[in-house]
Amino acid sequence: MNPNNNLKYYPLNEIANAKIHGRTDLSQQPLPLFWNGSAIEINATGTELWIEVEVDFDFHEPWVAYQIDGAFIGRQMLMPGKHKLCLFRNMFPDNAKNLRFYRELQAMSEDINCHILIHGFYSDGEFLPVKDRPFKIEFIGDSITSGEGTYGPEGTHPWVPMFMSASRNYAAMTADALNAEYRLLSQGGWGIYCGWDNDIRHALPAYYEEICSLGLGEARKALGGGAAHDFNSWQPDIVVINLGTNDNSAFNQPAWVDPETGISYKQRKNEDGSFHPEDAVKFEDAGIAFLQTVRKHNPNAVIVWVYGMLGYDLTPHITNTVNRFRIQTGDTKTYFLHLPNTTSETIGCNFHPGLKSHEKAAAVLTEYLGQFLYN
Amino acid sequence: MNPNNNLKYYPLNEIANAKIHGRTDLSQQPLPLFWNGSAIEINATGTELWIEVEVDFDFHEPWVAYQIDGAFIGRQMLMPGKHKLCLFRNMFPDNAKNLRFYRELQAMSEDINCHILIHGFYSDGEFLPVKDRPFKIEFIGDSITSGEGTYGPEGTHPWVPMFMSASRNYAAMTADALNAEYRLLSQGGWGIYCGWDNDIRHALPAYYEEICSLGLGEARKALGGGAAHDFNSWQPDIVVINLGTNDNSAFNQPAWVDPETGISYKQRKNEDGSFHPEDAVKFEDAGIAFLQTVRKHNPNAVIVWVYGMLGYDLTPHITNTVNRFRIQTGDTKTYFLHLPNTTSETIGCNFHPGLKSHEKAAAVLTEYLGQFLYN
Amino acid sequence: MNPNNNLKYYPLNEIANAKIHGRTDLSQQPLPLFWNGSAIEINATGTELWIEVEVDFDFHEPWVAYQIDGAFIGRQMLMPGKHKLCLFRNMFPDNAKNLRFYRELQAMSEDINCHILIHGFYSDGEFLPVKDRPFKIEFIGDSITSGEGTYGPEGTHPWVPMFMSASRNYAAMTADALNAEYRLLSQGGWGIYCGWDNDIRHALPAYYEEICSLGLGEARKALGGGAAHDFNSWQPDIVVINLGTNDNSAFNQPAWVDPETGISYKQRKNEDGSFHPEDAVKFEDAGIAFLQTVRKHNPNAVIVWVYGMLGYDLTPHITNTVNRFRIQTGDTKTYFLHLPNTTSETIGCNFHPGLKSHEKAAAVLTEYLGQFLYN
Amino acid sequence: MNPNNNLKYYPLNEIANAKIHGRTDLSQQPLPLFWNGSAIEINATGTELWIEVEVDFDFHEPWVAYQIDGAFIGRQMLMPGKHKLCLFRNMFPDNAKNLRFYRELQAMSEDINCHILIHGFYSDGEFLPVKDRPFKIEFIGDSITSGEGTYGPEGTHPWVPMFMSASRNYAAMTADALNAEYRLLSQGGWGIYCGWDNDIRHALPAYYEEICSLGLGEARKALGGGAAHDFNSWQPDIVVINLGTNDNSAFNQPAWVDPETGISYKQRKNEDGSFHPEDAVKFEDAGIAFLQTVRKHNPNAVIVWVYGMLGYDLTPHITNTVNRFRIQTGDTKTYFLHLPNTTSETIGCNFHPGLKSHEKAAAVLTEYLGQFLYN
């Protein structure tokens, strides 16, 4: 290879014009990308650009992807260790290339050592300012928002990182279409009150107020994941909650027994297949509590609870949650919206929404959110 | 024209194999088609077929359309008087052609003399049995279900019959996709509690229990429109209610004064733009009452309230209506579903959903209703 | 019906602002619409508009359709006799409605008495000028250009007028997309050298120089169909020839015996399935002769021979025809273009291209022709 | 990372069940992937799989991509050196995963040291047989077949490897749709008689008979690229030639002067913009010679010359080439087909066809080639 002797290393924390997407601890160097869709965005002149990343994990390897001027370019798995990845070479030197390097894999509650850390860039150009997008949207969700099944073949498959993504994801599509920044907080299998298997530890709300406290071991703690999130630092115009799919599932699954207490948890159905009211209210109360939390930290945001991409069953109780919250609090900026269910034509891998389902959902959601941003 | 001397006239009430679609008084001869989508369906052998129809109206002329073997063939306006319309000629004589002749125009509350009456057919063949579809769906709606704007150019246009249809209509598309019979009961501008302009007379529920008692003058009465509908004669598997769009509009319109009583009616908004709770509850109570009526007459049906094709604003109160009804009555077979909003790409004439919007709504609704019919 | 006493009758030849589309004899009153797509276009103010048409035929009834401001409104069969058809009612009086009333059925060589004659209009408004489109395109074709199969259900069906159209037709779609006037000259089953069944009388070129001399009996002659077409009166920017599909078919069909001479005609294939060169050259020579005729009458037009919507088999000899013509004459404004073949997903009725196939062909052709008109 | 101690190394030449796609020298170990789309395909059981590749280049870095069970998974740039790339981890061990690892970048005539070599795999499973596809298609082309512009943003961009691909490529899409193996031989900027800039050295035909003799330096020679291709080893059912786009460009570009001989080369146009016949015949003669070569080595193949994705200008001379070849040789299994031109809606990066254009071309080509394979 003909060497490029003009490359110079820039630690990330010395690049004033770098734009950080996603909740993180900005004081860290190297900087962790905790959530899928978390990204470094730069406008780099020069002919060549490399990124230096460091990776660790026990079981679930992280995936990354990147785009140039908004166009998807590459996607790959990363093994433990420090890596220099070349992102482009031999480009025209003068114009700035907008580069967005992002995490494909959701934050992994099951792998306390799964991390992506950004050290810096090697460049033979400069870093120009990145234009701010005029809006901000936060998405809180489950496997759908983790892009589960957006890569990979149809059929039964193991639950592995390579099939999740931010690159084929209704949330990113919606934000791009609306010219908005976005952040994702999502975890496959989790819910509002409990996870898909009645495990009450797997509820997103308990983790909303920290940067990334899922699977919080020593490593993640050291990286700042357990610290309180500074909500003032990034006030979204809209918060989208896409939860309930796993809460619904719990009604159809066996009980879960807490290994520490021995207590059994089970969301029950009546004999006629309807939701047991005592358990439905547990879901609703958890939902209202979460809406209160979200509202507390995002006092001016529109909040939209979306639901439907993997079935509409829990609609009565999600709408009742939203309605009860509106009535109790007088909060009229909190809404409910159905997204279209996934069909045999739009299904992806692992029985999850595929690319086409995400595209259809994004179209409906973009139209809906647009009324708040562009009117 | 070379004459066809083999044609023979068959009064409709002598064609045992004719299938009548839509609420009507079956004892009438000629037979009225009251609602859009109301149809005569026959399987006719022979080379040629004519239909004899009689039409009257004061102001709003009715439109009809027909299809052969499911394919759209013709659509036209009809003037007052008796007409012989040729539907096909010179066809292969032996095989049966499935012919469906239907009303495009909604029942017209504003024109008490607007009627289409079917006298009979001229045929040189036979009438073979029409295969029953295995399911039945009833749609209750407003201008959306009347197909308002599905024909005609984009832009402002007068409110005239030629722009309404059953031929480009999410309800017919959904029923066809699910292999279901369908009936429509719809009226542009009407709602659950009141019409788009706060006129409380323009609420569909008051007319649900008769055959077609909208605009009930002497003529319609004589045709049987005012008679009680025999719900036992046609029990739908699913009732779809697509109402609320005009109830929402009323909140944004001036008060309506009842000309008889002088009483003023107005659905109010609060200063912050939210719905006034006293008026929202009027809507909800009217909705619950209507659900009770629908349930009473359709004890085994799935009831789905759909909403969204012209905006989602009233979602909190429609979902609350459905939820309150479910809780009060324990009725777990009543559901709510959003249909996708109309966008600039799917808009039709008169600011109403166009063909593409109906197609998109039908796709979502077909998927949704299919779970009840095909599982 | 409440009468409209303001309607006034206007014979077509007294409406200076009426725009006539399609080859016809402008001195005729009533005016014949000979070819499918032939139309009367007016910009009418007023609330109401009627057209007076007269129809005759022996066997094949003509169909008509109309659009308002470019949007399809109605389509129907017409029986022999004089008819007053109402086209719109109760519209806003002041603005002009652009109305286009057109023939759906091809000129019928098999029915010498099949005619549509336009007498005039009844209006309560005025006729304002119709804007000229900046371009003109002439299409010469066979059943594809006659829109055969664009209406009607998939499957085997008789060859009847109701399945042909200009309303679902690649030619009209292309012209509309390019903002061009268009004229069609087409006949199902016909070719360049012979028809689908080797009948050498069924070749379009012999009829190109008259207004409409197909099936020229007394009636058509009296209507001016046999008169020489005045090419100076309408010089197209582009002539599209979509012929060859039936010439190809002839190679696969039995011989045709001329009933008058007893001479047998047969386009032969070799044993290996390839075209017999002696017969291929007959096709090519007929094609070159036709290109010479077209060029003679349209000295400045771009000529594009398109082919493929029902199979690509004759491509070698169509391209060779075009190439030989270019070389022999130095004519570099004559081109060949494939249009996409019809597939099982785009097929219509009677084994012909359906609406989707016409849409796909129009997309390719629009892009192609656009380079000549908009560069 | 939790180590997987069950991984075992398998040199590629010891994996009997590996399937090699693309022309190469099978005696090499490591095995070079010369052309874009060249691939290693295996059916691997086990939980984990790594590939060992070696890369070198001077200027243009190669890109690779891979798919599992037909679904796109990853795509990345490779730097010089030996790399172990993990392709999947933590999968269910028992079932076989079909893995296809392929070269995205075309063979680089401009970089004599640009190579991808496959050493072998690390697996904790077995390699099961790969099912043969029933058909074989060879594609010979230019930048279109090199997938130029299928990645990357719209607008002007440098000519760099990352924007080329086999993963978004009409050729691969067509072969997949037809269940056919495929091989690509393509080079951006090259033609039949000369390159886009009149450089007569940049003509594909001169390189057709060797494995990969483009940019043949010491390295490529040592890897077997210069050796004669054994046509008997892989006889395609169809050969698709997609050349002519650059030959057409040469008519619009300045002369090229051979640096060795000082001779100037220029494909000329006449003053009226038409092709100069002397130069057109150079193209045609080169085309006929190439068809003879292709036919010689593929005596039973259907040969289809496709053209149009970047403009149709050279159609007269490409069709004349095919027609002259058919007439001279009596070869009736050689055809011409237009593919749809790229439009502003289907354009990709670097003014080349984008993903949508490749999809549209593949749809037309799949339908066309299907008639030869499935009838």
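The first chain written gets the first letter, and so on, giving A, B, C and D; residue counts start at 1 in each chain.
Note that in this section contacts are C-beta pairs under 8 Å (C-beta built on N, C-alpha and C of every residue); 3 or more make two chains touch, one makes a residue touch a chain.
Nothing here was measured: the structure is a model prediction, and the numbers come from that model.
Participant: Going by C-alpha centroids, which chain is farthest from subunit B? Tell me that one.
Facilitator: So the farthest one, by centre of C-alpha atoms, is D.
Participant: As a quick test, compute the distance in whole Å between the mean CA positions of subunit B and subunit C.
Facilitator: Taking the mean C-alpha position of each chain, the two centres sit 38 Å apart.
Participant: Starting from the mean Cα coordinates of subunit C and subunit D, work out the distance between those two points in Å.
Facilitator: 43
Participant: Please work out the Cα centroid separation of subunit B and subunit D, and write it as a whole number of Å.
Facilitator: Roughly 57 Å, centre to centre.
Participant: Give the residues of subunit D that touch two or more other chains, as numbers and ranges in rising order.
Facilitator: Within subunit D, no residue touches at least two other chains.
Participant: Going by the touch rule set out above, what shape does the chain contact graph take here: line, ring, star, complete or other?
Facilitator: ring
Participant: Could you please specify the touching residues of subunit C with respect to subunit B in the complex?
Facilitator: 1-2, 56-61, 63, 68-77, 79-80, 85-86, 88-92, 151-155, 157-158, 160, 162, 349
Participant: Quick one: which bits of subunit C touch subunit D in the complex? Just the residue numbers, please.
Facilitator: For subunit C paired with subunit D, touching residues are 272-274, 308, 312, 315-316, 319-320, 322-323, 326, 332, 335-338, 340-341, 343, 363-364, 367-368.
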